[in-house]
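In the two complexes that follow, chain A is the common piece, with chain B as its partner first and chain C second.
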Partner chain A sequence: MVLKKNIAVSDNGFLFNPTTGDSYSLNATGIEFLKLLQKGKQNDEIIAEISAEFEIDTITVEKDLNDFKSTLVRLKLAE
Partner chain B sequence: METKKTYERPLIKPLNTGLMNKFGTRTDYATFPDIDGAPVADLLEKYGSPLFVYSENTIRKNFVDAKRTFETRYPKVQFAWSYKTCYLNAVCNIYHSEGSWGEVVSRFEYDKAIQNGVKPANIIFNGPHKSDDDLRMASKNGSLIHIDHFDELYKLHEIASELNIKPRVAIRVNMDVGIYPKWDRFGFNYENGQAWEAINKIIANGKLELVGLHTHIGTYIMVTSAYALAAKKMADLALSIKRQFNKTITYIDMGGGFASKNTLKGAYYPGTDTIPDISEYAEAITSTLLNAGFPHDELPYLYMETGRALIDNAGFMAGTVIANKRLSDGRSATIVDFGVNTLFTSFWYDHRVTHVEELGVHTEDTVLYGPLCMNIDVIRENIALPALRPGNHLVVHYVGAYNVTQSMQFISFRPAVVLIDTNGKPHLIRQQENLDIVQSHEVLPDYLNNK
Partner chain C sequence: MNTTNKPTYVIAVTGLNAIDSPGPGISVIRALRDATSFNVRIIGICYETMEPGIYMHDLIDKTYQSPYPSAGVDVLMERFRYINEIENVDFLFPNFDAELFNFIKLEQRFKTELGIKMLLPTSEQFEARHKTELYEFGQKYDIKVPITKSITNASEIAEIAQKIGFPLVVKGKFYDAKIAYNLDQAAQHFQKISAQWGLPILIQQFVHGAEVNVCGVGDGNGELLGAVPMRKLYITDKGKAWSGITIADDELIEMNREMVKSTKWRGPFELEVIKNSNDEFYLIEINPRFPAWCYLTVGAGQNQIESAVNFAMGTKVEPFTTYEVGKMFVRYSYDMIVGIEEFEKISTNGEL
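What follows is the complex of A and B.
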């Protein structure tokens, strides 16, 4: 999965896709996931960083990351 | 020790600018951690999940308010608890302790009312199916038998002769009150003269004591004017009886049917905004009766068999999130451990659902599925809920009417029911089913026993 290059996300979770003009809102965890993806991090790195930062087990993070990525693809924010 | 941040499932939600939420408001973001002071998570831990929870406070308050609402408008009012709405003995006994009689529609319910200590003379026996034995027993007991059809009327004439007693009866009347569907399958029709014919037969025959007139125009009636019209027709019948036969009817029973504040599926506005207050129904009925032309000392008693409106908001379904999943079209779905077999009103209502734990303010539109391996098992087709995780708890609101009595043992066991008393203390009032209970009525023929 590769995130579209030109999407912009603000600190308060407002995401804008200039190609389509669509905007989205993200919750705090969503922002963290997206920022790590924008940095080009791999799954295992993301899972490690999120579970270090948040009170959560790695399996849950893995499930949520997979779901989050498929949602980004569905919303055409990634391919 | 460094404390980590609270985790929430990552959410991303399209912002449809210009497209307002249907109600222009956000759905329930507030957590709902306890019912009358009893923490929901503790209740689920102790009694199992899912769990029906009733609030005694709310039941009593509903009843006291309704009673006052009617009694401040009309001098002679009597409520009879509609057993089928919720016939858990604990619940019935709360209503009885507040002075409510019993309204039953089967022998099973009748026997329950007797066991709950209701005086036989204070039991209203409705319904299209009363066996000969039921009619004999109710006649002997002096209960109020509401006749549904001519076959029953003739049968009662026979029973009265056979037992040499005078059963106390009323006829159930159905009528056009301008609403759809018209409930014309119960009782005798007003407009085509059937009701009058039944009255004539009873009075001419003389073996039955015609004490009242009964109607129940339907359920979840949102138009109060329908009650005014029904009360008018009932009063006309009673006054005609007086005129024609010089006989005074003791009571007019207006049945049940007031809507609870649930939101019907497909309704544009939530039920809390659109459903009439009980005082509006009361006003429609009582002002009609007061102005109908009864001599002051012959004003009939007003009996009410209100069910749903007295109990729906006192009942909750508490349960647990099992899993989240994504549907083929990308929609989010959540599976919970309570299904339509115990919450069949999900077919009618968009039930309000709240979460028990503190969760984030971001919501996601999700489908709420029950646990049954059946396509129809949908609790809500679309509801905005925070990012739920397996193990989170939910509370479904306004499920007190008809769900427990109509719940089915299907695929899983029926849940326990607890009552939170007026001090916030929970009491188990129905045990969760188990394999032994479910199989206790099965009989395995010897030749099929493979053990």
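What follows is the complex of A and C.
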């Protein structure tokens, strides 16, 4: 999955897709997922970081990450 | 604003009906007031005495009532001869589709006899982009347009529906469009729209996707002077944008550039486009004038209205190449308090 380069996200999680004009509000986990994806981190790195930061087991984080990524693709924020 | 060393243009503007389905006049005037390359005296041109712009004295210096387009070109010419004797108008922005036919016919006479310039499409361009002709227009210029058939009897819908399927769109010749999901609905829409707007009625293939609109200007020689795409964020029950946002879409800009290049479009335009899930653009409509949301182009860094005036007045104009993405407009309603004497003046004298 590759994030679209021109999507913009503010510090408080307001995400704007300049191609469609759509905007979304991310929760705290979503903000972290997106930041790490934008940094080019791999799945296992993201899962480890989020699991440590939010004290959640890695299986749950992996499921959430997959859900998040499929949502990004469905909303055409990633390919 | 520095008012020295700049020309002052007297600019007449129609479309002062800043109502829930607004004409473009007030947006055009605000853009003209924001112009940095010239000063303006604004002459409002109204049809009805309740057009809000008439009473907006901070935006419009003087308003004159105009005969309806159905009165014909001679009456219109005489009215502008009178207005011009008083105001010495430099430039005119017609903003209604229904009045454009007359102004296009009068363009040369306005220029030579009255010294009033306009930036309008040619009569061929104006006719070719009519809703009834748009499908052929698309075929001629290699632009995707949903299949559209012009009909005068509701009994013709069934045969067309067999080809294009449901849902389909039932459209009036000038205004109104409704989606029909079956034959009964289509027939109902046909009756309702034809009763209000007359015949023919257009039956159009429904294209699934996101509607985006583009406000732009062509120079008549094939060059695009500016283009800003906007996605509607909130619409009224009449389908008019109540808020919208500028978006980034290079392919859409390129489509506009090609349209202007191939048609040599002259003047302002609004393209209504559907972008489907395969990222293909379908042209739904070309409005041959600035849209009511054109002030957003100023907010996004392209004062296309100022450019249009400068181009028509013979000043060199550099085409805009960038604009700010993510700029929004949010429309609002506002109650003005108006003295009865003002209403009396416009009603009895035809000017205020």
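As a convention for this text, the second predicted complex is superposed on the first by the 79 of 79 C-alpha atoms of A that agree within 3 Å, B and C clash if a C-alpha of one lies under 4 Å from a C-alpha of the other, contacts with A are read in each partner's own complex, and residues count from 1 in each chain.
Going forward, contacts are C-beta pairs under 8 Å (C-beta built on N, C-alpha and C of every residue); 3 or more make two chains touch, one makes a residue touch a chain.
If you're wondering where the values come from, they're calculated on a predicted model, not measured in any experiment.
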Max touched-residue count on chain A (chain B vs chain C) belongs to chain B
- Query: For A:Leu75, is the partner it touches chain B (first), chain C (second), both, or none of the two (neither)?
  - Reply: first
For this session: Have a look at where A:Asp67 lands relative to chain B and chain C in the superposition and call it first, second, both or neither.
Result: first
Please work out whether A:Pro18 is in contact with chain B alone, chain C alone, both, or neither, and reply first, second, both or neither. second
* Scan A:Asn27 for contacts with chain B and chain C and give back first, second, both or neither. => first
### Task
Check whether A:Phe54 is in contact with chain B, with chain C, with both or with neither, and answer first, second, both or neither.
first
_Looking at A:Lys5 after the superposition, I want to know if it touches chain B, chain C, both of them or none. Which is it: first, second, both, neither?_
neither
Chain A contact set shared between chain B and chain C covers none
Given the complex, residues on chain B that touch chain A span 3-15, 17, 324, 326, 330, 360-362, 387, 389
Per the touch rule, the chain A residues reaching chain C in their complex are 6, 8, 16, 18-21
As the complex stands, chain C meets chain A at residues 210, 230-231, 233, 244-249, 325-326
In the complex, the residues of chain A that touch chain B are 13, 15, 22-30, 32-34, 50, 52-56, 60, 64-65, 67-68, 70-72, 74-75, 77
